Amino acid sequence: MTTTGSTYNQIAGQKVPRLEAISDGVFAIALTLLVLDIKVPMGEAIKTERALFDSLCNLMPKFLSYFLSFMTLGIFWTGHTTQFIYIDKSDRHLNWIVLFFLLFVSLLPFTTAFLSEHIHFKLSVGLYWLNIFLLGLVIYIQWVYAYRHDYISCPEEQKPLINKLIRKRIIIAQTLYALGALLCFINIYLSIIVIILIQLNYALALFSRRRKNSN
Amino acid sequence: MTTTGSTYNQIAGQKVPRLEAISDGVFAIALTLLVLDIKVPMGEAIKTERALFDSLCNLMPKFLSYFLSFMTLGIFWTGHTTQFIYIDKSDRHLNWIVLFFLLFVSLLPFTTAFLSEHIHFKLSVGLYWLNIFLLGLVIYIQWVYAYRHDYISCPEEQKPLINKLIRKRIIIAQTLYALGALLCFINIYLSIIVIILIQLNYALALFSRRRKNSN
Amino acid sequence: MTTTGSTYNQIAGQKVPRLEAISDGVFAIALTLLVLDIKVPMGEAIKTERALFDSLCNLMPKFLSYFLSFMTLGIFWTGHTTQFIYIDKSDRHLNWIVLFFLLFVSLLPFTTAFLSEHIHFKLSVGLYWLNIFLLGLVIYIQWVYAYRHDYISCPEEQKPLINKLIRKRIIIAQTLYALGALLCFINIYLSIIVIILIQLNYALALFSRRRKNSN
Amino acid sequence: MTTTGSTYNQIAGQKVPRLEAISDGVFAIALTLLVLDIKVPMGEAIKTERALFDSLCNLMPKFLSYFLSFMTLGIFWTGHTTQFIYIDKSDRHLNWIVLFFLLFVSLLPFTTAFLSEHIHFKLSVGLYWLNIFLLGLVIYIQWVYAYRHDYISCPEEQKPLINKLIRKRIIIAQTLYALGALLCFINIYLSIIVIILIQLNYALALFSRRRKNSN
């Protein structure tokens, strides 16, 4: 199960199931912490069903940014699990690459709250995009590192194809996010809507594409 | 373990144990976050055992809605694990169906707090019911999707029976919840009590039914 | 892996690893949420190292109740894992017994905060004890249920011994807790100290006892 | 899988996968709770992009201590997983050693918040160092205990080397942390920067060292 080298670094960080466990844990918590940013409107001032409904409507930006970030985390979690279908070995460096990935996962509840609080500022969109970009960057490095060190387990002839598919996916998605974020110099809401549409495309539109494939 | 197609979507989201891990994580956090809504009454004003006891009694609605939501999450978690006794394959779409299911799981602490803060409004009951309904809808879609794509692992002759049992269970439960929620047009507290009784039936009454069976 | 009956209840809740996963999740979160009750003293008023040290000392009751509850959760988590060394089958009822156990686990951060906020009241000690008692009661029911339904996996001749050891442990511990809690009618602090000593005995004193055994 | 003794203590705490699961859970939550200390600056007073940028800059100490503690937790998590590559048996005492380790893991969000709130006091640095020291102490005891009781699984001839590597690593790291902490008697910021540099060395500098090795 393990090969022992002569330095501590050669024996550390080799347990892939633990990497998956800590990742699932951090993702699960980040997904759930997001909801803490949606505060229940307090009761004293609210006297009618109508007033309560209005107070709920006022939370819409919070719900939107919650949904946006749930999508973001879902997309990166799916990307993470997809890579780990193939990655079946690890070392100390891959271990730390995953931890840095989780660093940016755990920052997302902050950048999300920052965006929903300051939705009319370019800086908030920029910060949110930066978080997505860093997630994409680290997950790309993770794959390249694992591939170069041959920590990938799949039939040898499929490796180049899988390598190409995973890399291309990240690069195209990140290009779209960057373009979406750049739109904030024209109009901030346009920028956010385009980013949400990109997310939805990755989560949902695939249903239709699949149907086309199977025809 | 995996079959490789020619597009990224065909290789993504196939790891069932990860789906189970992220689900258990989100459920565990949602179950525990619920308690954060029960605030400890602060000490300065409370000078006697009697005053402390009264402050504890004032928290009863919070405890009730906590208990209600713990039941709700327990019921859906049990439903989720029951489906995954049989579901042993996955693809990208099932992956996203589970993530949407978790979206509504992680919203439950919010709708619960909303209900306990505004327990005298029909809107709160409606919102809480909507959350339960969406959980039921997505878990139903999850099963139908998995069944249609033959991701189910059990003896071939038992499949139709299991399919029927799981579908019927969700539909009956959801019908009861909807009827319970509709009662709020007569009386809100009646509506909540009926929903709690339905929950308790699914969690507890089975003990007695089982005893009958084994006689 | 599963035997299929004719009702939904006979197919639900049979996955032991999921029961262990959700339990570890809830315990991990409860263990960590406890610390949120220890608030960092705010900086403006604190101008010297001495003042900061005093503000830290003022947190001592919080640290004590944190430690107390960490012990409590540790003891019950150890008890839970010990039972699940042997329990290797489950059904819907055992599933719900575990969920009720987790209900009381997730309430412990509340009763702990309640105790540390109102440490000079008998009611707080009583509530805290009630939480420990209910944890003990449910974990006892869990074992008895699993044993009676023969969900236990170990060499047949060891079963009665293990059954006796696990039952006796819970009953003795609960008797000691109850006696400790009753002391609050004499003196509340005495009561809390005795409960902490019982906890420490279960966590630590064993070291010395073991050393005696191996001599 | 288990050997049954005549006392409860001999049957308790033997499940290594559960120890790993609860550890991953507590680490995942501690890693993510850290971010709750970074509060989003509120919107009313902020009227320009510039003002928003300034409010973000004011959060820099929070981000730094967040990063510092993420590194700390990452280092100890890696250390923990590395030991558990080899530790494949457990008993009640090892079980409690791991729980005490997790006690200090779950305290880190507090000592981190304490440090970032009172960064100009020696006491904060001292408390933070104490937390790191106790983590190091318990993980050292964990290894020594597991090694002495022969709970280690690896080829017999490699055991002394692995034992030496793991021990040496902890002792050197703890010596560096202690020296770094002592620097606070000269200058507090110097002390913090040195501790961060030690952390970064353990997380990152290894990349370069590895490259040297493979040349």
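Just so it is clear, A, B, C and D label the chains in written order, and each chain counts residues from 1 on its own.
Please note the rule applied: contacts are C-beta pairs under 8 Å (C-beta built on N, C-alpha and C of every residue); 3 or more make two chains touch, one makes a residue touch a chain.
Predicted, not measured: the structure shown is a model, and the values here were computed from it.
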Rounded to the nearest 5 degrees, the rotation mapping the CA atoms of chain A onto those of chain C is 180
Looking at chain A with chain D, do both copies bring the same residues to the contact (over half shared) or different ones? different
Roughly how many whole angstrom separate the Cα centroids of chain B and chain D? 35
With chain centres taken as the means of their Cα atoms, state the distance from chain C to chain D in Å. 25
Specify, in ascending order, the residues of chain B that touch 2 or more different other chains. 21, 24-25, 28-29
Footprint of chain C on chain D - complex, ascending: 1-2, 4, 6-9, 11-15, 18, 21-22, 24-26, 28-30, 33, 92-93, 95-96, 99, 102-103, 106-107, 109-110, 113-114, 117-118, 121-124, 127
Per the contact definition, I'd like the list of chain A residues that touch chain B in the complex. 20-21, 24-25, 27-29, 31-32, 34-36, 38, 40-43, 46, 49, 52-53, 56, 67, 70, 74, 77-79, 81-82, 84-85, 154-155, 158, 161-162, 165-166, 168-169, 203-204, 206-207, 209-210, 213
